[in-house]
Amino acid sequence: MAEAAQGAGPAEPALSLDAVSSGYGAVSIVKDVSLAVGAGEIVALLGKNGMGKTTLLKTILGMVTPRGGKVTIGGQSLSGLSPAKLVALGVGYAPQEQPLFQDLSIRDNLRLAVPSDRHLPEALERLFGHFPFLKDRLAQRAGTLSGGEQKMLILGRALMLRPRLLLIDEISEGVQPSMVERLRKVLLDERSAGLSMLVVEQHVAFALGLADRYAVLKLGEIVDRGSAKAPDAQARVIDHLAV
Amino acid sequence: MLDTIPAAARTDPSGRRLSRVAPLVVAALAAAALWVAPAVLDTFAVNVLTRSMIYAVLAVTVDLLWGFAGILTFGQAAFFGAGAYAAAMILGAYGATPLGIAAGIATAVAAPALLGLAVGWLSFYHRSTPLYASVISLVVPIVVTQLIYSGGEWTGSSSGLVGFDVLPFEIEGYFRLAALVLIAVTLAAWILVRSDAGRALVALRDNEVRCAYLGLNPRRLQIRLTAALAAVAGLAGFLFANASGVVAPENAGFLFGTELVIWVALGGRGTLLGPVLGTIAIDYLAANLSGDLPFLWQLLLGTAFVAIIILLPGGLADLVGRLWRMLPLGRAERAAPALVTREAEAHAATTDTPILQVQSLAKAYGSLTVLENIDLEIRAGELVSLVGPNGAGKTTLMRCLSDGTEPFTGAIAIGGTSTTGLTPNRIVALGVGRKFQVASVFESLSVADCLRLARAPHDGLNPVGQDPTLGLPQAALDVLRMTSLDRLLTRPARLLSHGQKQALELAMVVALEPRLILLDEPTAGLTKAERTTIGTVLKALTIGRRIAAVLVEHDLDFVREISSRIVVLHQGRLVLDGTVDEVVGSELVRTIYSGGAHG
Amino acid sequence: MLLTLDILTTAAILFVVSIGLLAIFGVLKIINFAHGAWLTVGAYCAVVTARLGLNPWAALPLAFVVGAALGGLAEHFIIRPLYRRPLDAILATWGLGIVLGQLITLAFGRDVQLTPNLYAGTVAVLGVEYSAYRLVALGIALVIGILFALTIERTRLGLSARAVIMNETLARSLGIDTGRVRLVVFMIGAGLAALAGVLLTPLTSVDPNMGVSWLIGAFMLVMVADASFLALAAACLVFGAAQVLISTFVSPILGSIAVAVLAALVLRVSPKGFSRA
């Protein structure tokens, strides 16, 4: 796994958050979060709604300005980088809120994610490798895909530019178990090819099945973390999440 | 976080009296100065300044609408033109007899007022946008101008009307009349915006939604304001027709409407004196300079306008104001009102009827079903928490409960009254208070003013001054005390911390004396201490004061601590409704939260 | 027949005049009240072309280039700082319109300018003698409409513009330079406005304030169309027809306000205007 972590030395984690805080206006959402994703590692970030998971992802991506702390990717500081630069740096993002242009065709949705049209054929090839069913449906409106199919398109889009680090926001939400299984298989394939991931989830079984380590975010702070493979991991996480 | 000096200690009673008398003194001095001014000015200046002062009356109306109430309008020209034409036509037909003059004034005020009512009705309706109101305000002058063109002999078509009888004044007389009207209108506007009622204008600008959810009717306020200021513009039109002896279609035109906005913007919107002085200065300069450098003058004015809008949105008055505030005299703060307890009005129906009844409620956005088959009853004193994962429909349910114009099926009743089709302000009148997820207060108003507006449906607002006391029900006073907001009554809401804003909004909602409070994540983004305080407040309200509450909340420790019942929503359906213990121990809830239950 | 031709050509002219405003409103969500001034700038490009003794049709590309260049400057210095203050942007662009109008006055004087007719004479259409130029204008409107539609539907820029209209946050998170899209769209919109100014020269007198009278009509049409290209075409046809019919059968003065009044009423009833259909 280590030799596949392109470029990042062994001491250099794929993603590192050092005491990151952020929020909107007067509201502070993420408080003093430190977290690292090693090269080729999958870290699951769990927590209920409104606990700051999505805000944390957006802070990493520079869509929310951090109030404090430092975000580095492969050793490079991210402050002030535009989303286009992040894409060029090898960061893939599968968002949860309004992730697709529902009224555009699938092809147009994908075109918008590549820096120029000449990158498209190669990217599409990669996409079809993961999700062949999309091949015959490029002309279809993205909004006509089922919920699970849309999630596959979102994940495929994030993967098609060969990212080194993938940030995923609730990819399993509202997806049938059989399709969740397909998503998991794709993610595991990518991991064995060396991709590092930060996986934000509420689906505990899915997240822990995938991840090497987990962290639980509550009210913007990490309240628990550990190995996802520990026998009591699932019970501990659910205790934090359920009523 | 706390002010160590109580606000009351800072207020100096003599300073307060001074600030009340000062505008009257200034107005009297200005009137005296303008009374003698014609003696020292040449005829040209007297003529031009008469016109400038009439225009300044219009600027005051534009400033009230745009600078204070946030309605960008180009339409005041139309009302001005309507008033001017009404005056010219009536004086032309009946002559400047006492009866003719009286009829002229009456029509010049009434016709624009009626037109203003119609325009207001067209511009403001539930869910109308500020842009739409501006669009209408552009169309109105165009329509009025075209009507004037097609009026034939009645309106003199494109050449306008001349030669009608006018008031028996010399040019000095008109100058003094215009000056008195300008001073009277400015003073009245000044008193209004400083009064408690004037705060409602600013509240409308800041946060129309909050106004509606305080039970105020924003539409009615906006329509009345439009009509009243149309009447003032009509009066200015009457003056103009008499002073100039000519009325022309341009007086009602859209270009004149935009000029008014430019003058107000340069002078400084939201300051009254800025627009008045700005209008007089610019119009007077224009009359003097446009003869010598006609195009250059317009060019300079246009450039200045663009620069001011981009760089100094507060206009020139903002610059002056900044200097003024550096002086010690300029730092006088509004006095904090004394808090007094207002007896809560007894709610008639304290019978067994549930406060909230929801029957087979369903809602869909297009083909997407968000809520389905929801049945729920809530009684006095209950604190019901609504929990469930993302997209379960919690916020949608809250929206349906507080706005009867949301398209939904099924029935919602508050105290037995169906809410279908009711706008939020009418649901508030049934006894429902809603606290939003992001604290919804009036950012530019002080804490005391925010609370006073919450009391407006019960106690009204003083239109000429500031009440020295602020009466609040005990429950609201408790919220203020527990959160120490009672020491920050004069602080503008925008300077409060996030937690203080949440507390202020809660106090405002409680001040409505609701029977049912809807709270959407009241603790989001709060510190642990603040969360505990809010929890204590909510418990006191429900257990102590028998208010019912519905709470959407993600912090389950918090939910566990304060709820009397928990309702679980999942994928738009109500899957569990029980006591805290029943829900906490439920296997189903664990499955839902581990992501297992789908379909 | 005459009436049909009048309706079609009126709709075509309204469309040409409004399309630049629509492009800007759709992508930037900002109402360019200097639109009228750009029409005027375009018309004076025709004046300059004539003075230079060039073919009158050369004014079209010249106007597009001049309009787009001025648009680029305006976007950078005036629109960008006001991106989050849309009502103030209306005012600032109105002020810009005043400035442009006065600069033109300083350069060319206040008087009405004569421009050569782009296409003189009449032609017989199904037994009716009709102004040849109005028919040419109809053709040009169709060409502009088709080119515009192709740009929107087929080019990467058009795709990016649509993405910004639909969801600017998502577009930016995918790495699209939304600032550049806004700049380019503003330039195209301003260029199209200037182009429309040239096309107006045979139909209206050319003076420094000529654009203002077209502004409100264009503005109302765009409000009703709500950023939809097809809705704009439909609105131009419907309101153009109303204008022609009311002018012919009721009164030309009422006809001249038909577009504004009808559009305001349509918006009152259905705030999304024609775009919902």
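We just call them A, B and C in the order they show up, numbering each chain from 1.
Keep this in mind: a residue touches a chain if its C-beta (ideal position, glycine included) is under 8 Å from a C-beta of that chain, and two chains touch if they have at least 3 such contacts.
Because the structure is predicted, anything quoted here is derived from the model rather than measured.
> Can you figure out the chain closest to the middle, judged by Cα centres?
Here the chain at the core of the arrangement is B.
> Which chains share more C-beta contacts than any other pair?
After tallying contacts for each pair, the winner is B-C.
> Calculate how many whole Å lie between the centre of chain B and the centre of chain C, each centre taken as the average of the chain's C-alpha atoms.
The mean C-alpha positions of chain B and chain C differ by 35 Å.
> Let me have the rounded angstrom distance from the C-alpha centre of chain A over to the C-alpha centre of chain B, please.
Inter-chain centre distance comes to 44 Å.
> Counting only residues that touch at least two other chains, what does the list for chain A look like?
Counting only residues that touch two or more other chains, chain A contributes none.
> Looking at the complex, which residues from chain C come into contact with chain B?
Residue list for chain C touching chain B: 31, 78, 81-82, 85-88, 90-92, 94-99, 101-103, 105-106, 110, 212, 216, 219-220, 223, 251, 253-254, 256-257, 260-261, 263-264, 267-268, 271.
> Please name which positions on chain C make contact with chain A in the complex.
The touching residues are 156, 159-160, 162-163, 166-167, 169-177.
> Which residues of chain B touch chain A once you look at their complex with the stated criterion?
387, 389-391, 438, 497-498, 501, 521, 524-525, 554-556, 559-560, 566, 568, 583-584, 586, 589-590, 593-596, 598-599
> In their complex, what parts of chain A are in touch with chain B?
23, 25-29, 48-51, 170, 172-177, 201-206, 219, 234, 238, 241-243
> Could you pull out which chain A residues touch chain C in their complex?
Counting only chain A, the residues touching chain C are 61, 63, 82-84, 86-88, 93, 95, 98-101, 103-104, 108, 111-113, 115-117.
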